[in-house]
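What follows are several structures.
Common to both upcoming complexes is subunit A, partnered first by subunit B, then by subunit C.
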Partner chain A sequence: MADLDVQERRNLSASATAHRGDRIFNRTITTAAFSALFVLAGIAIFLGAQTIPVLQTQGLSFLTTTAWDINTDPPTAGIWGMLYGSVLLAVVALVIAVPASLMMSIFMVFLAPKKLASMLTNLIDLMAAIPSVILGLWAFYVLNPTAEVWQQLLNQYLGWIPIFQNASGNFLGTPFIAGFVLAIMMIPIVTSVTREVLSRTPPDLVNASEALGCSMWTMLRYVALPYGRGGIVGGIMLGLGRALGETIAVFFVLKIVFDTNWYNIIESGGGSVATLIVSRFGEISGPYELQLLLASGFFLFIMTLIVNVLANLIVNRTGRLQK
Partner chain B sequence: MTTQTLDPTALPNLAEQRPQRPWRKRTPRFKLAVVLAVIIPAVVTWFLWQTSTIPTPVLLVAIYLPMQLIASTLASIVTRGRRGIADSIVIVSAIGATVFSLVILLSLIGALIVRGWKALSPSFLLQNNIYISPSTPLEYGGIGHAVLGTALIVFLASLVAVPIGIATAIYITEVRGRAVPYVRFFVQSMSGVPSVVAGLFILTTLIVTGALTQSALAGGLAYAILMLPTVARTAEEVLRLVPDELRTGALALGSTRARTVFRVVLPAARTGIVTAIILGIARIIGETAPLLLAAGNSDQTILNPTGSPVASLPTYIFNNVALPYPDAVTRAWGAALALMIFVAILFTLARVLSRGRLGR
Partner chain C sequence: MSTAEFESVDVLESEITTPAAAATTELEARNVSVWFGQRKVLEGVNMSFPKNSVTALIGPSGCGKSTFIRTLNRLHELLPGAALAGEILYEGRDIYSRDVDPVHIRLAIGMVFQKPNPFPSMTIRGNVLSGLKLSGMKRSNHDDIVEETLTAAGLWTEVKDRLDRAGGELSGGQQQRLVIARALAVQPHVLLMDEPCSALDPASTLKIEETIRQLSKEVTIIIVTHNMQQAVRVADNTAFFLAAENEPGRVIEQGATTEIFGNPQDERTLDYVNGRFG
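Let's look at the complex of A and B:
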């Protein structure tokens, strides 16, 4: 075989043919393909350009203090409470959404009959398609009264735990409700990734573990979950990125206060950068406030970009390992 | 071993045979335990719900769930010994989590239908909002202007995002340049851009600089940022499914690469491409924040893409939600129901199309 000198199988689409139209085609497509990079860089540059003057006037206290006094001279602003509030909401959402999605995907992959599982998949995809403004509308009119009762009960029975303290007696506009709404947004995202990952567990391994007498829990603990760990973490982080950037659904159910709500999740008032931008934009006082909002947007962008890049790195790496 | 030619037809078709799982055999005792473990907690809870004054959430969380857990644990101990405990907890919480999500979804869709149905009527879908104040009765005014505005904005977004998204997919699957991993990574990262940031970007680059005012075009461009990654990623998956033989064949017949893509690859994947566009539209159609920043709002029917703020379904809902007038709130629910119906139609369309030959 060696002396036959057969040409290696050519990589069919690696480069353009000599044809002139082809070169133009290649160049156009390549330029268009980089538009995602252009947009990302454009966002970083244009919002970053607006951030520099804000940091010059406000200093680093823009990031470390909580204030929004635009009409004083000089105006002071700080978004620490908002940045922290976004993270707090995301944590509440994670605590609700991660167990729920993981358990639901376990149900769909290992427990449910095939027909029920595919029906559930469709319903979860439909849930992912619900626009956030509709979720906000529902949360404002349907979830709010119900959640008020839950929170009063939590406060009544578990009030000795610091996070369930409530001094004001007002149970609306709390980080708990906003986090719950974010959890509803996260559940379909996380579930669809974890379901996909768990369903790729090699059936031989599952059957072998069962044949060896493993209980379902043992199988999950030692076969399915370790096998899908990377994908599950990545899916959770994708959901987290979405939760950090969500604006409208939170707008209706969270009372924005310029004060750091450290851990009282059922106390009225909290923060969220994305929601701050929309809520202040409606009654904007002038170009300086717009600049402050653009700077807040810049830090929101950086925060979500980091989470998303990490998530994609994790998902991509596990994808490669499994192939 | 004797050498013997195996007749493939004589062998049982292993692929078609369902695997036997002797370890999953269900004995009558097992069935009885499961049935009892399901029925007893439910009956007790129902009885308490009827007779006592314990609030329903407490009843469900503090009484029903622990009781169900204990009952299932006992059932699994009876049938399988102590090893079954963890299993029963997994099973109960898996079913519980699924029911939890379904209850939320049903509550949402139920509320949309019950509260939005009152508002829906032909005139509500066709009229616009001029001369309408929040307290005007429901018979007057409607969301016609918002439906047209959303359609216009989505159309403009598609004009930008669809060609670029498909070109990105073509770069990844057909041109296969050196930068493929990087391009994919940028597209993935772009899909995580928060919608409000997309709106701010258009606001600062185009509106503050004076190139555009708040308008359908500005809103469409903000939408395009959100739409592009969805189109690119779905189109990439679809183009991957086009068999390589078609490309090789076209090239062997002497066609140029550009012609191969436009005459062979894209037509072969056309349902998939349509699915990609539909999914992109479904992704953006309900986004509110970018439109609040870039497209503004209006009560009139506006079909001019530039020059004046334009209404859209999401901003219409947003503006009516918290008004202290019952009719305005009903309008918001009506608009939300209409929007959800559009999303559901797009969603079903994408499903039906992707059931075809190449979409899968």
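Let's look at the complex of A and C:
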């Protein structure tokens, strides 16, 4: 025992990087890994610094009211309608994209022949690669006039439901069209995550449910979907993150109005923080308006950050459960 | 055709409706051949399973035993490229005829797999009742069903105080008895078991064998096994499957277990049951 006490204790963890090449490699990738954190922190600090004077002059009403009167003295600004509008667009997009994505992935995993399934997978991944400005242009020239007709029909037959009311008779630049474009952008993300999750349904459980006289539908409802629930929700949140921050595609089709459009999704006019920023930026009136836009950006940044953190939490929690 | 109809067909009735079928035959394979795509994996199997008997299917890996029992409850057809020739008669009726709903067949002919596969997110109780839920089958007194089937599966005393815990928390042997209880809850007449003990330790294996002997008083059991002693211990009848190289599997010999192991007629059977190959 006494011998053991006097023995020198050598730290072996350092020898793992004794090789010189390894040491350089390790430092390089460690730096690269941390640089992502620095960029994130840098953006947050820059935007945060611009937000403080705005909150000092506008107070919390910057978040709770809807106004953009820059030329009055003192200027008043509030982005509530824009924040709410971003969420409304995201909800419209979710309602369209989630069922579509689920059906596509169920088809690819459980029904389609292998060749067709892999072809569809590639096609849907390609969809994710379409630049949003192209989608915006397409939406402006093709979707706009088409969706105008859809919305008129919705209004005509389902107008008794509050969300399908339209008082102005103008069906262009509506949250519905903007949400539809966002849905097209969400579908590839949500579909590829959902497909991945569903394809990992343990074959043992599928076997068990088949042997218990399960139909396809009950197998999905009681086995595959509950098993993949967390991953699917995570995928939806990732798509949501994209929808909340999307700027240019919405810019082409949504008419930005400084008023809160609570639920009239086929009424012309709505809001979106990202699109507010890009639409005002070109015709900015002075340094104070720039600060207002940067502060708006800060809150958009916070909103998407929260959604992404939530998505990660949900996905991680499910990962643990499945083990 | 309703499930109730299947349940009500007892031996006497089937004797009247189909006089050709032997009075005690529950399930019968007539000249069954099976394909995966172009590959023929099983040829000309004729076998009958008397009511409330235990039949063991033995033979080396890849000779078509598992494929054969998957044809008995129409699970085989769910695999891509599956094809079949011949007839499978359940209580005198061909289960592959057009007017038979495969869901009803799978409820009447239950199955237990090699690897225990309880639904991990469901409770023990939920697992037992899952067959009723998944198939939309109506049975009252769920508490009684849970107790009855878990007792029949030899698991009741071990889990009666924690029915609301997740099924995935049980040990492998307990999980396997849980899935047996799950299969019993829909009141099958036949239970197919595909190497049910191959993933279990010897103590759990003995418990499952005990369960099999108890169950055979009420259910017809067909078990695939690689364990010769197990076949001797539990089975009334045994069938020996063998596939020559690049040829489909065939039944070499079948009959009473005592005959197959004690006095086999074919040399290959003798070699196999004595552990000389396979």
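Following the convention adopted for this analysis, the second predicted complex is superposed on the first by the 290 of 323 C-alpha atoms of A that agree within 3 Å, B and C clash if a C-alpha of one lies under 4 Å from a C-alpha of the other, contacts with A are read in each partner's own complex, and residues count from 1 in each chain.
Methods note: a residue touches a chain if its C-beta (ideal position, glycine included) is under 8 Å from a C-beta of that chain, and two chains touch if they have at least 3 such contacts.
Remember, predicted model here, so these are calculated numbers, not experimental data.
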Which of subunit B and subunit C A:Leu205 touches, first, second, both or neither: second
First (subunit B), second (subunit C), both or neither touched by A:Ala167: neither
Which superposed partner A:Leu60 touches (first subunit B, second subunit C, both, neither): neither
In the superposition, subunit B vs subunit C on subunit A residues touched: B
Partner chain in contact with A:Ile43 - subunit B first, subunit C second, else both or neither: first
Partner chain in contact with A:Pro226 - subunit B first, subunit C second, else both or neither: second
Partner chain in contact with A:Ser215 - subunit B first, subunit C second, else both or neither: both
Overlap of subunit C and subunit B interfaces on subunit A (superposed complexes): 207, 210-211, 213, 215, 218
Residues on subunit B engaged by subunit A in the complex (per definition of touch): 19, 21, 23-24, 55, 57-58, 80, 83-84, 86-87, 89-91, 93-98, 100-102, 104-105, 107-108, 111-112, 115, 163-164, 167-168, 170-172, 174-177, 179, 182-183, 185-198, 200-201, 203-205, 208, 225, 228-229, 232, 244, 247-248, 251, 256-258, 261, 282, 285-289, 292-293, 314, 317-318, 321-322, 329, 332-333, 336, 339-340, 343-344, 347, 351
Residue ranges of subunit A in contact with subunit B within the complex: 11-14, 16-17, 19, 21-22, 24-26, 28-30, 32-37, 39-40, 42-43, 46-47, 50, 99-104, 106-108, 111-112, 120, 122-127, 129-138, 140-142, 146, 149-150, 153, 184, 187, 191, 207, 210-211, 213, 215-218, 220, 238, 241-242, 244-248, 252, 274, 277-278, 281-282, 290, 293-294, 297, 300-301, 304-305, 307-309, 311-312, 316
Subunit C contact footprint on subunit A (complex, rising order): 202, 204-205, 207-215, 218-219, 222-223, 226-227, 321
In the complex, subunit C residues that touch subunit A: 73, 75, 78, 103-104, 106-107, 110-111, 113, 115, 117-121, 130-131, 133-137, 179, 182-183, 186
